[in-house]
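Reading through the structure tokens given below for one structure.
Chain naming follows the written order as A, B, C and D, and within any one chain the residues start at number 1.
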Amino acid sequence: MEGLATRYARVRRQTETLVEPLSAEDCQVQSMPDASPAKWHLAHTSWFFETFVLGGQPFDPSFRFLYNSYYEAIGERQPRAARGLLSRPSLDEVRRYRRSVDDRMLERLGAGLDASTEALVVLGLAHEEQHQELILTDIKHLLGTHPLRPLYRRDEHAESGRGAAPLTFVPQPGGIVTIGHPGPERGGQPFAFDNESPRHQVLLQPHALASRLVTAGEYLAFVRDGGYRRPELWLSDGWGHVRAEGWRGPLYWQFGEGEGAGDAGDAAAVSIYTLGGERPLDPAEPVVHVSYYEADAYSRWAGARLPSEAEWEAVAASAPLSGNLLGSGALHPRAAPLGGPAVGQLFGDAWEWTSSAYSPYPGFRPAAGALGEYNGKFMCNQYVLRGGSCATSRTHIRRTYRNFFQPEKRWQFTGIRLARDPQ
Amino acid sequence: MEGLATRYARVRRQTETLVEPLSAEDCQVQSMPDASPAKWHLAHTSWFFETFVLGGQPFDPSFRFLYNSYYEAIGERQPRAARGLLSRPSLDEVRRYRRSVDDRMLERLGAGLDASTEALVVLGLAHEEQHQELILTDIKHLLGTHPLRPLYRRDEHAESGRGAAPLTFVPQPGGIVTIGHPGPERGGQPFAFDNESPRHQVLLQPHALASRLVTAGEYLAFVRDGGYRRPELWLSDGWGHVRAEGWRGPLYWQFGEGEGAGDAGDAAAVSIYTLGGERPLDPAEPVVHVSYYEADAYSRWAGARLPSEAEWEAVAASAPLSGNLLGSGALHPRAAPLGGPAVGQLFGDAWEWTSSAYSPYPGFRPAAGALGEYNGKFMCNQYVLRGGSCATSRTHIRRTYRNFFQPEKRWQFTGIRLARDPQ
Amino acid sequence: MEGLATRYARVRRQTETLVEPLSAEDCQVQSMPDASPAKWHLAHTSWFFETFVLGGQPFDPSFRFLYNSYYEAIGERQPRAARGLLSRPSLDEVRRYRRSVDDRMLERLGAGLDASTEALVVLGLAHEEQHQELILTDIKHLLGTHPLRPLYRRDEHAESGRGAAPLTFVPQPGGIVTIGHPGPERGGQPFAFDNESPRHQVLLQPHALASRLVTAGEYLAFVRDGGYRRPELWLSDGWGHVRAEGWRGPLYWQFGEGEGAGDAGDAAAVSIYTLGGERPLDPAEPVVHVSYYEADAYSRWAGARLPSEAEWEAVAASAPLSGNLLGSGALHPRAAPLGGPAVGQLFGDAWEWTSSAYSPYPGFRPAAGALGEYNGKFMCNQYVLRGGSCATSRTHIRRTYRNFFQPEKRWQFTGIRLARDPQ
Amino acid sequence: MEGLATRYARVRRQTETLVEPLSAEDCQVQSMPDASPAKWHLAHTSWFFETFVLGGQPFDPSFRFLYNSYYEAIGERQPRAARGLLSRPSLDEVRRYRRSVDDRMLERLGAGLDASTEALVVLGLAHEEQHQELILTDIKHLLGTHPLRPLYRRDEHAESGRGAAPLTFVPQPGGIVTIGHPGPERGGQPFAFDNESPRHQVLLQPHALASRLVTAGEYLAFVRDGGYRRPELWLSDGWGHVRAEGWRGPLYWQFGEGEGAGDAGDAAAVSIYTLGGERPLDPAEPVVHVSYYEADAYSRWAGARLPSEAEWEAVAASAPLSGNLLGSGALHPRAAPLGGPAVGQLFGDAWEWTSSAYSPYPGFRPAAGALGEYNGKFMCNQYVLRGGSCATSRTHIRRTYRNFFQPEKRWQFTGIRLARDPQ
């Protein structure tokens, strides 16, 4: 197994690899309040180790203010929406900061750590892997909303050339299942966030789970059927967003010129923006960059529903933990392979919106101190997503992993898996 | 048992009784987008019967637009935030509208109804009872935020003179419980909204439930302990509201002049606004007009948590369905009686915020047609409240009843019951 | 000449006559922050006399807060945008307030006043006449934006049946002219507001002034020529309003259904809302309810410009002070009479936007004390209007009168007179 | 006299010199909608020459969209508030763009130009000089609002060590004066913007003009006298800004910690941010970065008023055109020299707010075509400023020059000169 110092070096290097295609200017800009500049991600992840592991004399005392994200216990901070205004320190200075933190961390790692410090390092690496995914989705938003749609990196998309494998619904028996992570107190368990604990029992009803993610082609049929013009398909708040934001399709979809304003789907051609640039939509690829509202409306249109997180985890518990994750280099969801498992595509490709509001598990206790702010204080008005995406590290994702976003967000790699009650 | 025509007449009359203390001007004003003018409530509840039961020639065709609340299937409507601009029709005209609808309804009721129409009438009466509660909370907001704090009606509050009964935590065993309403298809069942179905099993962990609601005096101790100045007690979104809105205590609390700006609780005297006017806070009365965020922060401060709706219903299933409801005439929560049941105050006094996000029950199906918009489309970013309040009709509340509001709302009679995990 | 007590009684009665067609509900509502409820106007005008003339024991001490408009020197006040929330005091109570103030005022007037108190009474009456005009424009906004467009009062519009008299440009010589009011210090002068003083000399260039107001028919030609789609005709801020507000024509114009979204003028029929209800546009009537931006854009399209206030006053100095003012009862502008004076329609019909930003005259001094807030503090980002409208009292208007509004406002009776430089 | 090609090369080089202290990241950021990134200024000024002088094949067709500022006649453009999102093209690419434009321009200039093209080049250079000033004020805003207040460049401020020369009011006779620029049609005249024409006569009243700008020390006395807490000193809109923005002094002033929240002036020490960093306020230096509202309130407090632009120009007409302009390198206003002219500091140091709303001169005609949008369409809700600042080129400023900004803006080098009516 990979030693902690090796792992530290690998994860930190991975972050830097992701920003390699970017200029200092690209790394500077914040395209919306939800996103952060890549430079800020580079600094904040280092600040995390410096603040929670290293302590002592800081590299620069002002960084305590500049690179704190949301830890009230640490003190005041640069307002979230103003992260893009920090032209100083420069990217070079932030890189020096990273190197300085790395030197001190590797020295510390070499000297051996007590168990609680080791746990903090492992947490810091998980934290950094989360920011790796955000670096990709944030830069995708910056470039994908730029009027010229510039590339993040060159990419050759080979269309699958085949239709999608037929979507089937695989029956699940229901009954009492056990979900969640045993938690750190059970000794010897690998890392998990506090929000995945305690492990506990849940009672499920019989249901069926879709064999793969919803494809872009299937979603286009929903669009063509007036999906974005029929309020009866939507949650009330979701319909409000459709109207207020003028949604006509998923984020990064572009409809052809010829089509009528009200009828997005009549266009012969739909193009999408990927990190490799603009290209035609591939009907077989999973739909991605949809909000919970869109996932929910689609499922209603399809006569189905979204699965709960317990339904998802019950099946994922015995599935192989592999898929189109960050390591594949695709940086975009891929069509489900033919001849996959009964319920496939559970990991990678796209985070799957569940019907579960993000709430504490029974008996949940946040971590002590400032790090207790990591997860618990966000358990409100968000929905749980499962399974990781094409921008998630293989070493990051778990079967018990609970990601969460507000239901209107679309800039993450978020997709749709359907479930169905017995007919 | 009360016949349907009798019930119809009683419910409709009750609505009019509630607006009796109000002038036409009081009935005209909308104090915020969440609230509606009393005149609008009077008209909308009649529109409901006219649209969904009577059909045929409308009293006035323009009312289809003016008094539609949110039914997309019925068509365009007066924007919600602009209901207070409708100085025409006059209150007198709306009263004529009510009488006309009542005449037609009673004629119809006298002639006998088929089962599905009868179900619609029953739904319309439940709907009207909901608006009765809104009439009271909306007018309380109008008068309670008026610079002169005028009365709704004269009221003599007799302070209990005794301290509150000690709050105890009553252990509950956990296990599989069955909650929810069997639903209309089981024939012979009394009415319930679609969101209470299907009846289904839930697995509970062992826990303990508080014997009564949290009192104003207990809540004041939280305020005095810096409750509104300590971010670690709050959900992140809740803390955002505290800061943005300048919350220092529950809605309608006024702190004395002498106190420092930052320390609301040092004041010897706190006064509150009730429908009977301003008066000193009674420490033994239940705290009311708190948001979910405040209920959650208080419970964290108290080393407890909020109960889930299933935990609540499991206990309420065997509790007597009585309490300080609308019929008591108090229009304000009352101190818990001494020597009550182990877990008391379950019904009436104040709606109890639960930890349960408002989601569909497993297998939920909304009603067909426009009335399917009644509940289902709001199942997002809201929390379930249980038990009814001092403004809820006895004929309206049920053990399976699910009320729901966004977590920042405070103008309803919303209070706090605590729960606790095993220590 | 009319004695002061007689004048007082007449002006006060006039105000009440204007609200006679209105219900208490109509008088309650504030349709936008710029407008005030009629009830508030009734109370505020009485508060003005009570505060600045009567002094002593107030009718109700809370009115000092409730009915102060903007006098910082008097103290805190009900926020402007929240005037419509004051359902208490009732309209009846406000009427009692008016009677009480009237009784005390008439007693005081009977006993004889010193010169400075008399000046305050005269000011108070001018103030009340301003609010009479606001009562009409505010209620027009309330009813004219109501989805049913109800009437203020029944009205028979007899279309002129003739085309408008041809518009001619009447040459004016330029040179030094003297404008403004001599001011109170010159003894024996009739009343004027402080902003009309001092009388002073201005140097004018030769120019020409239009013989009448721009008609609705002429303005419709501008609309038909794409006036609202051509940015080159507009001030930059004005074009911003066209886009943000979706302006397609003057306030209260309704275009027929058949027309394309982009081409308002293709419609055969345009209807307008007047205080007598909706009716077809009369091409010969003056266009009204246009902003400064629209007046300016129209004049550019017409190859002309707006006159300065000095150019206007130089001609108005010798014109008869008569026209379609409040006393005519028309409450709407009328087509210019044939065979009128060379430069006609100077008074009444519609306030005329001038090109003059609202600035102090050279040597301007505001009145002392709180009443110095009446005019001076608003001398910024507004434009001067001249001549009065169909809602202005004959006893109110003067040749030196300076009205002023922000350039985007449209709910007053505001119209257009053109001027031209020598070709 | 400097040839046009030489001048072109000098002005263009000057722009680049100004951004030399800045990194690509500094040049990328837009700190508020009013400001633009330095990179955008570099590109836009080149776009101006390419679009209005060179024509033909563009360097990059997308730049027509990206770098158009507000020319509706040229077409759609990047939204003003989103200029900071353009991380591509890079600063290097924009520099290549500049070089390419320069090569083509110098070739064109070498070949000789017709008169109308020459006029466009001269306009383009004036345009570029305006953007030079904006580069400095925009970068000052970015760095001066950064939490660390980083430097633009190192700077040694030598405090004058002396008090300010006494401020005297120099009487001016009034009478007819001629102001404005003869305009291009009078042949042989040096360049001026269209808004400075036509030259015309204005009638002035006798008055007196202050001998120098108001100093920071004098302004501090206003602050200490409660200037920001006394509504009677302010225009109504200005007071609204004081309250809404929490203004306690000019932009870039920092008050010491010890002072009470309400009493900024009690602090012994006030520091200011300059392009050379933070340093103590020098009482003798001119106050700068005040809005029109503050200039107006100060003048009222001082028993004076602001001069009109005609009053200013009448005196400036015979004053030497020199002062602390961009060429001095100070980049900050300097204390008025002792023994200067009767009315000194007319040019440089700080733009002087006048009491004149920005309006067209009598007979004004905007330039033909797209360039007619340069000045005319902004003649609304702005005030005229005169005299140039420490960031204005000597070759840019003129006695007839009319600068203009909205009355609430503070990020330009804007200061105060007083005027007074005869006592």
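Note that in this section a contact is a pair of C-beta atoms (placed from the backbone, for glycine too) under 8 Å apart; a residue touches a chain by one contact, two chains touch by 3 or more.
All values reported here derive from a predicted model rather than from experimental measurement.
Path length between subunit C and subunit D in the chain contact graph, taken as the least number of steps between touching chains: 1. Chain centre most remote from that of subunit B: D (centre = mean of CA atoms).
One simple way to say how far apart two chains are is to compare their mean CA positions; for subunit A and subunit C this gives 58 Å.
Between subunit B and subunit C, the centres computed from C-alpha atoms are 47 Å apart. Counting partners per residue, subunit A has no residue that reaches two or more other chains. Because contacts link each chain to exactly two others and close back on themselves, their graph is best described as a ring. Contacts between chains, counted with the stated touch criterion, involve the pairs A-B, A-D, B-C, C-D. Those residues of subunit D whose C-beta lies close enough to touch subunit C in the complex are 70, 72-73, 176, 200-203, 205, 231-232, 234-239, 292-293, 355-357, 359-360, 362-363, 372-373, 377-381, 407, 421. Subunit A meets subunit D in the complex at residues 23-29, 31, 39, 62, 65-66, 78, 84-88, 90-91, 142-143, 145-148, 150.
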